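Two complexes come next, and they have one chain in common, chain A, joined by chain B in the first and chain C in the second.
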Partner chain A sequence: MNKKITILFFVALFLWACYETEVSFKSLINGFADVNFFISEMFPPDFSEVSKVFPDFITTLKMAFVSTFYGAFLAYPIAILAANTVTKTKFLNVFFRVFLNLVRTIPDLLLAALCVALFGANPFAGIIALSFFSFGIISKLLYESLESLDENSLDPIRAVGGSWLSKIKYGIAPAVLPQFLSYCLYVFEINIRAAAIIGLVGAGGIGTWLNINFDLGQYNKISSLLLTLFLIVATIDFISSKIRKRLTDS
Partner chain B sequence: MKPFLKIENISKKYPNSKKHALFDFDLNIFPGEIIAVVGKSGSGKSTFLRCVNGLTKTSSGNIYFKEKNTKSMSSKEYRKYRTNIGFIFQNYNLQNRISVLDNVLTGLLGQRNPLMTTFGLWSKQDKEKGKSILVEMGLGQHVNKRADQLSGGEKQRVSIARALIQNPKIILADEPVASLDPPTAKKILDDLKAKCKKRKIAVVINLHDVEMALRYSDRIVGLRNGEKVWDSPSSEATEESFKQIYQKDE
Partner chain C sequence: MNNKKIFLLLFIFILIGLTTNEYLPETNNKGQEIFTKILSGENGLFNPDFSIYQNVAKGLLESFQIALIGTVFAGFFSLILGILAAENTSPKPVSGFIKFTLNAIRTIPEILLAIIFIVGVGPGAFAGILALGFHSTGTLSKLTAEVTESINKGPIEAVLAVGGSQISVFRYSALPQIMPEFVSILLYRFEINIRAASVLGMVGAGGIGKTLFFALMARNWSHVGTILIGIIIVVTLVDYISGRIRSNLV
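Let's turn to the complex of A and B:
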């Protein structure tokens, strides 16, 4: 009985949400007509300019890398302050958790647009935006890992009169290092895609070329860029997931 | 001879528990003696050890170290007090992802400058001392290995080394061999006893195995439902006394 009510509830919720957001099959079908146009325009991909814009692919990777680094660098201390297993001051825990929630509420595209407005249309703006974005994810994941740490593992350091810093260096840091690195790699993967997207609002990298070609209606060039990006992302995902598996297994 | 550690009427009641885990417990500990605390699991043995070095807070009662009440110590003095106490855990509680030597050095965390140790800066003497204790414990070839590469018996030896490097007045050992096979357990206890006798370190050791308790201790203390029911030199402990400690509750 309960189960039926639950199912009914979700079906009703779904239909209501569809209605309110004006989901209609008619618009979907109509839209498909244009998809046909896009696809025919995109193929065959025109690879003539890929080598020319290749440095911008590299820029995108660099942006992803640097911003992951900044994000992680900031996330580590903040996660420690937010985790009640490590920092025993309730006020600090709550303060930094609310702060982290705020940071994660800001959509990355908005953040990128804001940074472009502040720092100009260049990769630096993108890096700042992505650093915030990385910081939000890594600190959240890390503080959750810290909270699930077995507090007994810190007993030996407490027992000998070790300080708060000692607990971090000899108790917590070694224990969460594999997870921390794994989160950084994961965020790096996301950042490559995100770096390409925020390029659309002028934050540098390959996104700039996607934007230009889109405006010029050169869809066969867009498809070549997307395929190249796909290859790069897939390769990095593959390597990084292998590394992450090794990190968390040991 | 005067006791250097006086435990006076300590009680411990955990929140959410109706019964006292430890009730009105007294014990005088003299330099260099080995005391075995025996009792069924749940009799309060671990609580007692954890209360002595403050890993668990007592609900009432006093502990005097060299005639100074630990309750009236400043946090700095209390930290100093803790450096006099080595603690050996049942499940070793080593930091798996750092080296054996670093694990041993963590025993000194309460006695060294926290800033220096946080950056891993240990003096040459400390490192040499750590190595020589490891050699003494028969672990000379494992100094730079990661702690998780060792067997159970080897890990417990590392944790003994970690306690010895503190130069403690007393070592508290909470079921140190409960996770080990009998031959290894015997070797570990032989070693623990020899090293502590040589250095005149007092030892309080929780054991559930009566034979081991008789064999390794100078004095036997029996706990039952959190209360002390026996305290005598090991030579005077009879079968009757163990019956009293281990009898079933009515």
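Let's turn to the complex of A and C:
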């Protein structure tokens, strides 16, 4: 009975939402020709400009790399403060956890739009936005793995009278290092995609060219940029997932 | 990894970080002035203007609806595609082909899909729904296929042993095993989609992003502040509720 009411509630919610947002498959079928035209305009891709904008691909990669680094750098101490296995002050744990949850609610594109407003339309704004974004993800993942650490493994350090800092240096840091590096790589993969997209709101990198070509209606150039981007992303994903596997296996 | 290697890595990272110096905006007093004006000025981010709460609430509701419908559509298709893509429930060529297609779908960012669908059905919530639905189908189907591949064979053999047909095998042994995990994945995707739905409006796909876009364009920081608070509240609520349901499920 209870289950039926729940299902009925969700069906009603869904139908109401469909009604409010004017879901109509007629418009989708009618619009199919337009989408088809749009996509056919993208082919064949025009690769003539890819070499010209290649420095911007490098910029996008650099943005992703540097912001992962900054994010990780900030995330490490915060994750230590948020994990209740390492920091025994309940207040600090709760405070930083709430803070991290708030940080993660803000979507990357929104952060980028805000940073562009604050720092101007350049890669620097993108780096700040992505650093903040990576910081949120890495610290969340890291404090969760810190909490899954076996507390008994820290006992020897406590037994010889080690301080809080030596507990971190000899007990925790070596234990979570592989996981930490693997999270950083994972976030780097996310950041490359994000760095390309946030250019659409002016945060530099290859997204700027996507935006320009959209405005000019040069769809075949867009497809060439996207294909190159996919190639880069796929290569890095492949390498990074290989490294991650080795890190977590050993 | 010993200390020497770590320091070497850090050194290289910092060097790469230094090469992004060229992106640093010029520092002058005017920049600082703008900065403080945007953040804490009379019309700044930290002085949210709550008089537009009706607009913000409407936008947030629309974003919620976009995420809901998009996730439900994706859930419907991914249950079918996921089972077709699983190696233990469908023939090898079919599963291989569907897996490949899903991988291709997943590489297209939501924002780009939104732009494509706007061409088809015009700007508005429906374009956002289609974009989220399409992208989520890619990710959800992959996860559903993984869940399907990990199901226990015992119940399937039990149904077959009492003379059940293929359909009753699916209905009474496979589906009950897949369902709890599937709902959990679906809720997790909903959490991601609510974030995505709040920025899709920036390219014209409806929801709070539209309101945000206009506020950003008009450099109306107090409105941006209000919208930001609204997004943070909604995302936090959704995360909390969905987290509770998920921990009950598994």
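Just so we're on the same page, the second predicted complex is superposed on the first by the 224 of 250 C-alpha atoms of A that agree within 3 Å, B and C clash if a C-alpha of one lies under 4 Å from a C-alpha of the other, contacts with A are read in each partner's own complex, and residues count from 1 in each chain.
Everything below uses one rule, namely that a residue touches a chain if its C-beta (ideal position, glycine included) is under 8 Å from a C-beta of that chain, and two chains touch if they have at least 3 such contacts.
Being a predicted model, the structure only gives us computed values, none of them experimental.
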Which partner chains sit in contact with A:117 here, chain B, chain C, both or neither? Use first/second/both/neither. second
Does chain B (first) or chain C (second) touch A:47, or do both, or does neither? neither
Is A:99 contacted by the first partner chain B, the second partner chain C, both or neither? neither
Quick check for you: in the superposed arrangement, does A:152 touch first (chain B), second (chain C), both or neither? first
Check the residue A:38 against both partner chains and state whether it touches chain B (first), chain C (second), both, or neither. second
Chain B versus chain C, judged by how many residues of chain A each one touches: C
A:177 contacts which: chain B (first), chain C (second), both, neither? both
Residue overlap on chain A between the chain B interface and the chain C interface 177
So in the complex, which bits of chain B are touching chain A? 53, 55, 78-83, 85-87, 89, 93-98, 102, 106-111, 114-115, 117-118, 120, 159, 162, 166
Residues of chain C touching chain A in the complex: 1, 13, 16-17, 19-20, 23-25, 34-35, 38-39, 45, 61-62, 64-66, 68-69, 72, 107, 109, 111-112, 115-117, 119-122, 124-126, 129-130, 195-196, 198-199, 202-203, 206, 212, 216, 219, 221, 224, 228, 231-232, 235-236, 239
Which residues, counting only chain A, touch chain C once they are in their complex? 13-14, 17-18, 20-24, 27-28, 31-32, 34-35, 38-39, 59, 62-63, 65-66, 69-70, 101-102, 105-107, 109-110, 113-114, 117-120, 122-124, 127, 177, 193, 196-197, 200-201, 204, 214, 226, 230, 233-234
What residues of chain A sit close enough to touch chain B in their complex? 152-153, 155-163, 165-166, 168-171, 174-175, 177-178
